[in-house]
Amino acid sequence: MSESLRFSGGTSHEVTVHIDGEPMRCRLGETVASALIANRVRLLRHSPRDRRPRGAFCMMGVCQECVAWVDGAWRQTCQTSVVDGMAVELDRTP
Amino acid sequence: MNAPIASTTAASSADVAIIGAGPAGGTAAVTLRSRGLSVTLVDEAPLPGGQVWRALPQTLKSGAADRSPDRIDGDKLRGALANSDVDWRGDRRVWSVMRDPQGFRIDALGPSGTETIRARSLIVASGTHERTVPFPGWTLPGVMGLAAATILLKSQHVLPGQRVVVAGAGPLLAAVAAGILKAGGEVAAVIDQNGALDWLGASGAMLSRPALAIRGAGWVRRIVGARTPVYRRHCVVAAQGETDLASITIAPVGANGAPRPEGRKDLTADSLVIGNGLVPGTEITRLLRAEHRFDRDLGGWCPVLDGGGRTTIEGLYVAGDGGGVLGVDAARAGGRHVGETVADDARAVANRSERRPTSRRRPRFGAAMAHLARLRPAHVASIPAETVICRCEDVTRAEIDRAIDEGADEVNQIKHFTRCGMGPCQGRFCGDIVAELLALRQAGADDETTIDRARARIGSWTARVPIRPVPLDSLIGDFDYADIPVPPPAPL
Amino acid sequence: MTADYDAIVIGGGLLGATAALFLARGGMRVALFERGPLCREASGTNAGTLTMQMTRVALIPFALEGHAMWQSARDWLGHDVGMVTCDGLSLAFTEQEADLLSDRAAKRRAAGAPITLLSPAEAQKVEPGVSPDILLAGHCPVDGFTEAYSTGKAFRVALLQAGVAVREHTPVDRVEHEDAGYSVVSDGKAMARARRLVLAGGVWIEPMLAWLGVRLPIKTLINQLAITERVAPIMRSVVGIASGLLSLKQYPNGTVLIGGGWQGIGNRAEGGYALSPEALIGNVRLACHAIPALRGARLVRAWAGLEAETDDALPAVGPVPGHADAYVCGSVHSGYTSGLAIARHLAAGILGEGAGPELFPIDRLLRQSAPNPTRET
């Protein structure tokens, strides 16, 4: 399951984003949420009340399920484009 | 939102402000500019196009040009806007909209901090968000909206999963399934809440838009060609998995849209994309206290509009699906029409003449598609008690039922009793379902006419600022304590 | 068809609901009229702060008693309304604020509030999240907060159990003063009669008193509030500033509520129909200045609640002059803290117990009486 879910485009604009410290290859132009899905990372956080697993749901900035700690701030990863060297922390409490 | 800290608020003004740069808002902007009015166009995305005409980032383009109608139309709009002197403000999160003596005041967070835009007239073209009728397991990673899948496919060139089940109602079903297949992905099954007869019922309207009907036929051809199993008159009743989707359960649905107990079937899939129609984004028109009405076929609560897109508030207009879900063609036509109305009204004000009344027919194609994707009361009634309704606060149907038992008799009271709708999505995903659950209880029936009357009485969440969550850091910027305008001390 | 009661309470906020509850528990047959759901105006939308350090000196004894009532709410109300008892800090960032803080702390202390002054280092021990920029802090161990939005749910159950006829969604058109008492007219129909009447309508006590021809001007304050999404623990006390223009606390669920009475836009008739972006930003800046870690949170919701204020900013609680057995109960600043005690004392007074119902007599506030519309027509 190492192959990504990307279906077109070259690799000329590749950047590296760190997910919980692990490097992840992304394409410039992708949002963090898309890049995570493309790399089959789907568990992004746990719901604050019942601690149930959650992943990106609406991809258009509405549902807030894909919020993660990105470069020191809470960001909606579906609305945040990848930048080389970006640090993403998933499932940060709460 | 990549908003660095700024210490000052930039202010600007225009004849017309437009919120939302999709087919409706973008077209309205071009129309108004051609009539000589100054226009500020604001959107959350970095480029115009909205959801349907969303741009593919330059860096993701492959050798072969994308010739899909949506991409062509979107590029055309982006070109027209680039060649106009519309004041384009992308990457802006509008967090407050209010009336002010000059007309309207919009506050947004942008790349250089907070901005205030004032305009005599305001067009809200904020589109829709997707509705999902909850089922056990719908909160699992791997389950996402049909509209979400569309964004992944069209603007990110990413498949939603390895083996995808496409489910729900309306025209997005076929579009998404065909899109996955075209991209080389695997569609495990298509689960359509409607049956062939329902689609046949809509076929008359389809003939009114042959180009769209042909496009739809192309999608169907691709699905059939791939021998993808299509379950008509079925719906998803559960999704299973530990930390990730592993399988789903489907069931046949009755004539009222509710799943039946018999004939259930499990399907293996790592991805479920599902949507049950679209809901107009009425946050801004509700915040401004325009009148709204409940119209199930148009997606639920819609602002009351005349034929020219005028709301009940002077100077406030709505264009596109935010006024009722009618689809992209209607949104584009509506954008042009509302743009003309606003320009006519501005001239009428300047000449102190009567505003011209306008009228417009409801487009048949869009109406037929929206009807197929309307919320079915019996489907909501069938939601099991343990199902999470409010994703943000993990509020279950059982808790909502208990609140109703305890005397909550309108939606805002259910919110206070349960915290349902108090989370960061601000009630957008649970609001429609909560109101439907309350209507079902109050009406004691599940036919649409009775439920619609109850829904009209029950109302919807009170709209609040911020219109979307905003990081405090970006909102406050840099400041000196001495510059905070602290009011004088309260009496002792 | 009208029903006869011993007492009718109009206004289902905290004051009206408390008065109705204790009147019913005192043996009276009580009807409570509320135009919307219970406790959904100021009583359900306020910051829920139970602090001595924003309370008027004259109200301190009631605030202490009210705080104790909230602490024991599970016993007498059947629901704790999410009550949290914690330390309260009032901060000073400038010399001027430090002077104000010292002066106000002394006066409140003299009235019975156990407030002491802390150095920045001592304040940081109480609240590790506090800004290092403070010069001085007032500290009070009697502080805390509730989930104000749960107030109505709690009172609804208690009132029904006490046998109160709860009439939600029943706006009152007018009250007629008849020989035998008062008759309540709603939607053009006489709905209930009683010998005693309690008007507890928050900012609406002005139009309510006008039913009886009594003119008591009430200013409507539009207090803005804002709340963040759930965040990791960043503070553990109620934090305010010397001037009283901040109230800040983190709920056990992680949300942080920012209040302090910054003014929004609205009026009594239309409610708080818009928030002032400048006031919201100012309020949030002040909050983030006090607790710097708050900067990392996201704002999810802001709203405005209406607060009543009399000419002298003190309550209007007592008999209505010229109208036997009619009472008014309102305009209690920081009423969420002291209101419970004040309304209970009023109920006791009406029941003929305690020191009587003349808590904050309204004669001092009255203007020349308006003509009595019910008597003339």
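The first chain written gets the first letter, and so on, giving A, B and C; residue counts start at 1 in each chain.
Convention: contacts are C-beta pairs under 8 Å (C-beta built on N, C-alpha and C of every residue); 3 or more make two chains touch, one makes a residue touch a chain.
Model, not experiment: these values are computed from the prediction.
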- Chain at the geometric heart of the assembly (C-alpha centres): B
- Message: Based on mean C-alpha positions, I'd like to know which chain lies farthest from chain C.
- Response: A
- Query: Hey, how far is the Cα centre of chain A from the one of chain C, in Å?
  - Reply: 45
- Note on the structure: For the pair chain B and chain C, the C-alpha centroid-to-centroid distance in angstrom is 38
- Message: Can you work out the whole-Å distance between the CA centroids of chain A and chain B?
- Response: 23
- Give me the residues of chain C that touch two or more other chains. 229, 296-298
- Residue numbers in chain A touching 2 or more other chains? 48-49, 64, 73-74
- Multi-partner residues in chain B (2 or more other chains touched) are 423-424, 469, 471, 473
- Note on the structure: Within their complex, chain C touches chain A through residues 229-232, 253-254, 296-298
- Spell out the part of chain A that touches chain B in their complex, as residue ranges. 1, 5-10, 12-13, 27-31, 34, 37-38, 42-44, 47-50, 52-65, 67, 73-76, 79-81
- Task: Spell out the part of chain B that touches chain A in their complex, as residue ranges.
- Result: 1-2, 44, 46, 51, 56-62, 129-130, 139-145, 147-148, 151-152, 156-162, 183-185, 242-244, 388, 391-394, 423-425, 428-429, 468-469, 471, 473
- Item | List of chain C residues in touch with chain B within their complex | 37, 40, 44, 54, 56-57, 93-94, 100, 104, 107, 133, 149-150, 152-153, 156-157, 168-169, 228-229, 241-245, 261-263, 265, 273-275, 277-278, 280-282, 284-286, 288-289, 294-303, 313, 333
- Which residues of chain A touch chain C in their complex? 48-49, 64, 72-74, 92-94
